[in-house]
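Quick one: the structure is below, and I'll ask about it shortly.
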Amino acid sequence: MFHVEAYFSIIVLMSYYDFDVRIAYADTDRMGVVYYANYLVLFERGRTEFLRNLGVRYRDLEEKQRIFFPAMESHVEYLAPAHYDDLIKVRTYISELGGAHLIFKYDITLVESGALVARGTTKHAVVNLLWRPTRLPADLHDLISKNLTK
Amino acid sequence: MFHVEAYFSIIVLMSYYDFDVRIAYADTDRMGVVYYANYLVLFERGRTEFLRNLGVRYRDLEEKQRIFFPAMESHVEYLAPAHYDDLIKVRTYISELGGAHLIFKYDITLVESGALVARGTTKHAVVNLLWRPTRLPADLHDLISKNLTK
Amino acid sequence: MFHVEAYFSIIVLMSYYDFDVRIAYADTDRMGVVYYANYLVLFERGRTEFLRNLGVRYRDLEEKQRIFFPAMESHVEYLAPAHYDDLIKVRTYISELGGAHLIFKYDITLVESGALVARGTTKHAVVNLLWRPTRLPADLHDLISKNLTK
Amino acid sequence: MFHVEAYFSIIVLMSYYDFDVRIAYADTDRMGVVYYANYLVLFERGRTEFLRNLGVRYRDLEEKQRIFFPAMESHVEYLAPAHYDDLIKVRTYISELGGAHLIFKYDITLVESGALVARGTTKHAVVNLLWRPTRLPADLHDLISKNLTK
């Protein structure tokens, strides 16, 4: 017997968070483009809002559960400049969830043209108050597992 | 009778701390000059080094004596632009010491020409761990009193 | 004869622009509150969006009309701390429009409680490409005049 | 016959530039440690001073020779936290010089203990005013070649 549902049983989950931001003077350097360190600031905003969008407030994780995600590694590719007053889109997703680490990925595009401006990765340890590697609480681990984008 | 010493009895105390810093890309905006908020960062470095020069490590004040100097007010006059790769001099001094506040002043000049780039003032509360106004320890109060520049 | 309308003939124009922003790690210092220089960055975003809201893109002013608003002066009062992950509201308005300068004012409040966090003023010159004082184009002068908040 | 000089004929060229910097409030985040994006700012200062130490002023390269080194890629490993008021050493060297790119490397250590805080790499294109890949002038290419640290 033929089950048509089977053809649709592979559900593609795309879980990411997008936010737009306007490039200010503060973001630029004397070339008139975003200073290369400032993408990491945008990535941080992306991480926090990605988690908030899943229902997790990172501040509570720190202050109530005493779990921290310090950066272990960052990597940025600068593909095209973003200029003053450009509107850019920051897309954030989690690509890997390990025993005591997680990896976020980011794409930054120009809203007007869709052109890719930068691409980044940050790897974070999961640590406790003593800065020792620790496991994520089971419910948070599940939640993130279901929202991975490989 | 004539007392020649009288002519020298007005002792002018000039107590300030100078440091030089080179303008980096990070400091500039798309006009190629120092972004206006970044002078407050230089002022902070000036305050800390001014105190260190008096023998006071501000970090110890916070961590050991539990005394903090949060900013109550800042004022900056932007007089001339400082450009990328210019060497600037930051001069810091304390102009006022009150019961539970102190006022720092700053002059920023171009090293090459001596031209005045910016002038600033920051007013700080003296507070304890509960963020309540508190008196400076007597020895620190004395030390700063002797190093005021009105 | 009594004209009741007269009592309402004084139209109070309140022209301001509000935007909300979430405090990120990048904005904080080791006290867990917004670093005192970073309010000036928020003020800059406020100015640009205030103007955009009036239909004026500041980037076009610079790139097409060759008119610039360099900061001449800034003043900030720090009234209460804003903490990590707090949502704050930045209110921007223009309080003075002179021959070759304008003054912006800003109020920063906590969205949740409405508490006033900081208050600021920035004074800007109106200059041309040679950095000489210049008049605003008449249409822009009119537009801003109608949107002043004394 | 034995030539003792032979033992010294392998000249180890170590060409790097070191500078020390004190961690300010401005550099920290609410964990009390250097905010992860700020290492890229230190790297930029390292690059400029490395070149200046070779006799090359990067500003002149841009303004006189119209050669620019925009970042193509950055990579940072965060190995240990650097705290407020710590003195850190930034070591900069060039590890690769290609046809139209160069790679800088950086080590950041605590001055007191020598502990490694962070390690980084930045890859830069060599471009002209039109942002097209270009060759370094021969004399600069030679100079850098002689000061590579693999």
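We call the chains A, B, C and D, going by the order they appear; numbering starts again at 1 in every chain.
Everything below uses one rule, namely that contacts are C-beta pairs under 8 Å (C-beta built on N, C-alpha and C of every residue); 3 or more make two chains touch, one makes a residue touch a chain.
Treat the numbers as computed from the prediction; the structure is a model and nothing was measured.
The chain with its CA mean position farthest from that of chain B is A.
Set against one another, A-D and A-C show the most C-beta pairs in contact at A-D.
Rounded to whole angstrom units, the spacing between the C-alpha centres of chain C and chain D is 39.
The distance from the centre of chain A to the centre of chain D, with each centre set as the mean of the Cα atoms, comes to 28 Å. Between chain A and chain C, the centres computed from C-alpha atoms are 31 Å apart. Those residues of chain A in touch with two or more other chains are numbered 25-26, 31, 37, 41, 44, 84. The touching residues of chain D, when paired with chain C in their complex, are 25-26, 28-33, 35, 37, 84. Interface of chain A with chain C (complex): residues 22, 24-26, 41, 44-45, 48-49, 57-59, 84-85. Residues of chain A that touch chain D in their complex: 31, 36-38, 40-41, 44, 68, 70-78, 81, 122.
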